[in-house]
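Structures incoming, each one as structure tokens.
You will see subunit A twice below: alongside subunit B first, and alongside subunit C after that.
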Partner chain A sequence: MAMTEEKFDAIVVGAGPSGNAAAYVMAKEGLNVLQIERGEYSGSKNVQGAILYSDALEQIIPDFREDAPLERHVTEQRMWMMDDKSHTGMHYRSDDFNEEKPNRYTILRAQFDKWFNAKVREAGALVLYETTVTELVKDLKGQVVGVRTDRSGSPIMANVVILAEGVNGLVGQRSGLRDEVAPDTVALAVKEMHFLPRETIEARFNLSGNEGAVIEAMGTITKGMTGTGFLYTNEESISVGIGCIVSDFADSEVTPYALLEAFKSHPSIKPLLADSECKEYAAHLIPEGGYKAIPQLYGNGWIVVGDAGQFVNAVHREGSNLAMTTGRVAAETVIALTRKREEMSAANLADYARRLEQTFVMKDLKKYKGIPALLHGNKRNFFGTYPQLVSQAMQTWFRVDGVDKKSKEKAIFRNFRETRTIFGMLGDAFKLVRAWR
Partner chain B sequence: MSEVMTAPSAKVEEKLFQNRYLVDAGRPHIRVKQHSVPSASLLAMTRLCPAGCYSVTESGQVEVVADGCLECGTCRIMTKRTGEVEWNYPRGGFGVLYKFG
Partner chain C sequence: MHIVVCIKQVPDSAQIRVHPVTNTIMRQGVPTIINPYDLFALEEALRLRDTFGGVVTVLTMGPPTAAESLRKALTFGADRGVLLTDRYFAGSDTLATSFALSMALKKVAAEFGQPEIVFTGKQTIDGDTAQVGPGIAKRLNYNQLTYVSKIVDADFAGGVIRVERRAEGGTQVLQSRLPVLITMLEATNEMRRGSVENALIAARAQAITWNAADVGIEDLTKCGLRGSPTIVKKVFAPTARTEKAVLVEADGSTDGMADALIDAIFERAPAVEEDLFEQAARQY
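Let's turn to the complex of A and B:
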């Protein structure tokens, strides 16, 4: 096979958002790039909610809106705090989001990734599908010089390997580049695709044309576990899912699919899904450890990008934009070194980490570095007690029943005090503010 | 208990029926190593696996049938410390084929 004799400028392992971004940017600049994907096409193994953040993609493909498979642009964001029978919501909707170049879109990853990967091939990269990378090949000095796959015994050589292999990151972990993901820093999310006529979706969510609404929900829906639920409107379908930290699931009696069923049958969610047809059930891990869980990002002959590098902002539910940005920055680092004919040594590739420090990726992850541990450590309060207290307060306030308002106020404050001490609440508020700064 | 808490338990088989798979017959990508008593982590997989692939045999061991696997990796992470599960990706092209993802 001629390919095995060829030495590539770079091999990219994986064809998700980070791998496609890296491969595209390098190929576009004329580098000789090989991308290896285990699915039958880019997207067939990939799962996300999914929201596309335009900015990260615009920096790579400025005119992506011309032919990318986009579902709806998001004009309304709903944040719901839920107990078993209610939700207290904060909705933000603005006609400003009906702009010429919308800021966020809902997408279907199997279609979107396929499109992105077609751009990678157009840019000149060679893409191998249905091929799983099994290990990294190192020379005697420990420099990564290529990969082995399940297709052929002989290694494929390259100057640098970009690991865009996703949350499980088997290749990097087996090669000792980073530790195993811990059950308390990763969430298991399950999701279903529910199909409805587009007019029905638009009527139910008060949308016109390609406007879209998204709901992010927290509260007793996760039964005391650290996690969130979501519901996104696509063109002719609704993505509905829920995810919790794996170690919380392990300590719980509930199965992921029973949790999803309970969320779908919540009185606030059920009417939105009525009469829909479910066409797919998916599960995926989401790295949620934040800044403190970021592993070593580069070494002699290798760089890690996307979920494999734990690049997810769990607070803002952002991941694909961090993936694309880390993929792009890794590519730019490799391009600069290739042009200067510099070695792909750890010392030179450290430039990747320095460049990332200047982007929103590292700045945001640093800002929220205390949040994952705070929420996880206080999960009973944040995902149980507080949502229930808020719901009870709202109901007391809105129910007109002959009780005077002063007494209602007292009852609300008494309920808070008796359920969670003043010191407990102040402590949680203080910790949250401190972790948020 | 509210109505929501007592919602009928989901049948995971019905969910998996919606999905497309290309099963690599005779070459399961996940194996449980021989054991007499499963660890708490392995036993937890009988509830935790989102595809319901894990079950307990009559003699108390945990077994896996990975045909409906969604390739999330939860069992791999849960049992990394105990080493009870041998986990690989399916061979290239095999396994779950997401239509929408």
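Let's turn to the complex of A and C:
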């Protein structure tokens, strides 16, 4: 059949933020692009908190605000350190975030991805849904020349395959390009969507119009495991979730849903969700291994983008922006090679890695390359002891009970010293500073 | 041989949500699907085509977004999709729908050849009337075979078809001359998974799109709301149950779980506990 003899300029595996970005940029430049998505539509299988960082998308679709489904722009960021009954918080709220082109939005991925993917089709890419790529097709020299799917028929051929297949990287694994994802480099996050009238949300979080607030939380809520909790305000709902490193879940035998139930009933979270109706729940893996967990990113005829490449900045809770940026950069690499009629060899595609080095993606991941191991190695202190100490210190300080302030200071200091020796604390502080730089 | 399958794009009733605040049906974000009953009709049509050769045309009436259901039908392997869409069709009941579809079928016959069989599902999951298929048959003066569970055999050259039909208390075996309208029963076959080639063709395909004028409808009072004697007086969501599921804490042992469960039940329904005690007392 003539149909299968056709060869695409590029096949993109997956229709999440990285795949949509890659497919859009290539199609827009006139490349003959095929995108293959296993879900019924783009977004049907995709899960995130979710916050959209405008900058990465602006570089791809500058006027996205005109029709993209956005929930609220974020004007207030709360960072909470929690013990079982309290939270010590840092809130940053600024009217500057009410700018004409807001910096961050809460979004619902099922709607947002669908919109993004419609743009991909408008740009001229062909998209197959409900089709799972099972493996890559290689020629005798080992060059990837196409993909096989779970549908009957011949393989589909292309000059290059962009693997935007998500965190598990199953196609890459099956094709022998990468190892299985290690349990200590991925977090399992669970989340729920709680519906509330918009007026209630606005009153509870002190918001007006489309302003939004987000809470990122850490502490004893993860029961000594490496992880964080979050709460994001959408237009008429609240996304609340918690996630921890998979190997920690396995060791602790704590179930993710029990952790979420406990987080939701924490005295600082419970009133924010009161009277809401839970309408959705979801779970997803997040690659949090950082720089050191990044797999081989390119080879003869293939490139890896997005979560499949472990492109998540766990410290700053950024992922979809790294996904879109790596998708865009991969697309630009392929466009440049296609224009010059150069072959999609590993040597030529190495340009993708070089281009990435120049972006915030690699610079940030490199900067924090020591953090995942540090936090994971000292999880009992960072996610248990310290939050408790901070909370106890705050309580000692604020509680008025006839004890003089000098004695209070002494008590706080003694508590720190006895719980986690001076050397232990100095050591952790030193390691944290070194990993941060 | 030419078979036409009439399908309808419907909201996925399994995923319809009621807005928790306004208590109205949330249409936004609810995925649409091909009416599941229509898939049995489509698969049966594809099987006949695979056996006897010929072409399967899929026809749908709906808003422009209904083109998506035609694309899906092509992914399964249908040969051609026709979308009948016009704002004058908005609000059509079964009478107006069967009128518009019968006009479109006349145009399909003129353009692509007289169909030997027109298939529909037994009914839709959103309307549940099972009237549109028979309405089309009546208007086109076709024989109609409703609630068909099996095509026994077909002789297209001789213009005869034999089917099994579900009837109260048994199965009827019916024979009809062609052309015929068949409404297909659920669970009669299993929809195939289209090949890569089908999927690629479908992804590229542009549906043939006709409006009321294209299919020769001159009297617009027979269309849409004006042509529909059925009146929907009110749409409402059933009131939700006030009782909610409860998570019962228990230790991991079977006895512990059973005890915790029974305690939780007795706590919420003391009458049950009293009842059981009374019964036990009577027995001894």
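The definition used in the following text is that the second predicted complex is superposed on the first by the 433 of 437 C-alpha atoms of A that agree within 3 Å, B and C clash if a C-alpha of one lies under 4 Å from a C-alpha of the other, contacts with A are read in each partner's own complex, and residues count from 1 in each chain.
Heads up, the rule we're going with is that contacts are C-beta pairs under 8 Å (C-beta built on N, C-alpha and C of every residue); 3 or more make two chains touch, one makes a residue touch a chain.
Being a predicted model, the structure only gives us computed values, none of them experimental.
Looking at the shared chain after the overlay, A:S175 reaches neither subunit B nor subunit C.
In the superposed pair of complexes, A:T149 makes contact with subunit B and with subunit C alike. Looking at the shared chain after the overlay, A:K85 reaches subunit B, while subunit C stays out of its contact range. Of the two partner chains, both subunit B and subunit C are touched by A:K279.
Once the two complexes are overlaid on the shared chain, A:E236 sits against subunit C while remaining clear of subunit B. In the superposed pair of complexes, A:P197 makes contact with subunit C only, with no contact to subunit B. Contacts of A:V127 after superposition: subunit C is touched, whereas subunit B is not reached. More residues of subunit A are touched by B (comparison of subunit B with subunit C).
Of the two partner chains placed by superposition, only subunit B is touched by A:T255; subunit C is not.
Of the two partner chains, both subunit B and subunit C are touched by A:E40.
Overlap of the subunit B and subunit C interfaces on subunit A: residues 40, 44, 108, 110-111, 130-131, 149-151, 261, 279. Residue ranges of subunit A in contact with subunit B, taken from their complex: 38-40, 43-48, 50, 84-85, 108-111, 113, 129-132, 149-151, 167-168, 170, 180-183, 186, 188, 190, 192-193, 237, 246, 249-250, 252-258, 260-262, 265-267, 278-285.
Put simply, subunit A touches subunit C in their complex at residues 1, 3-4, 40-41, 44, 108, 110-111, 126-128, 130-131, 149-154, 156, 195-197, 236, 261, 277, 279. Subunit C contributes residues 17, 20-21, 29, 31, 75, 193-201, 203-204, 247 to its touches with subunit A in the complex. Those residues of subunit B lying in contact with subunit A across their complex are 2-5, 7-10, 12, 15-16, 18-19, 22, 41, 44, 47-48, 50-52, 70-74, 76-78, 80, 88-93, 95-101.
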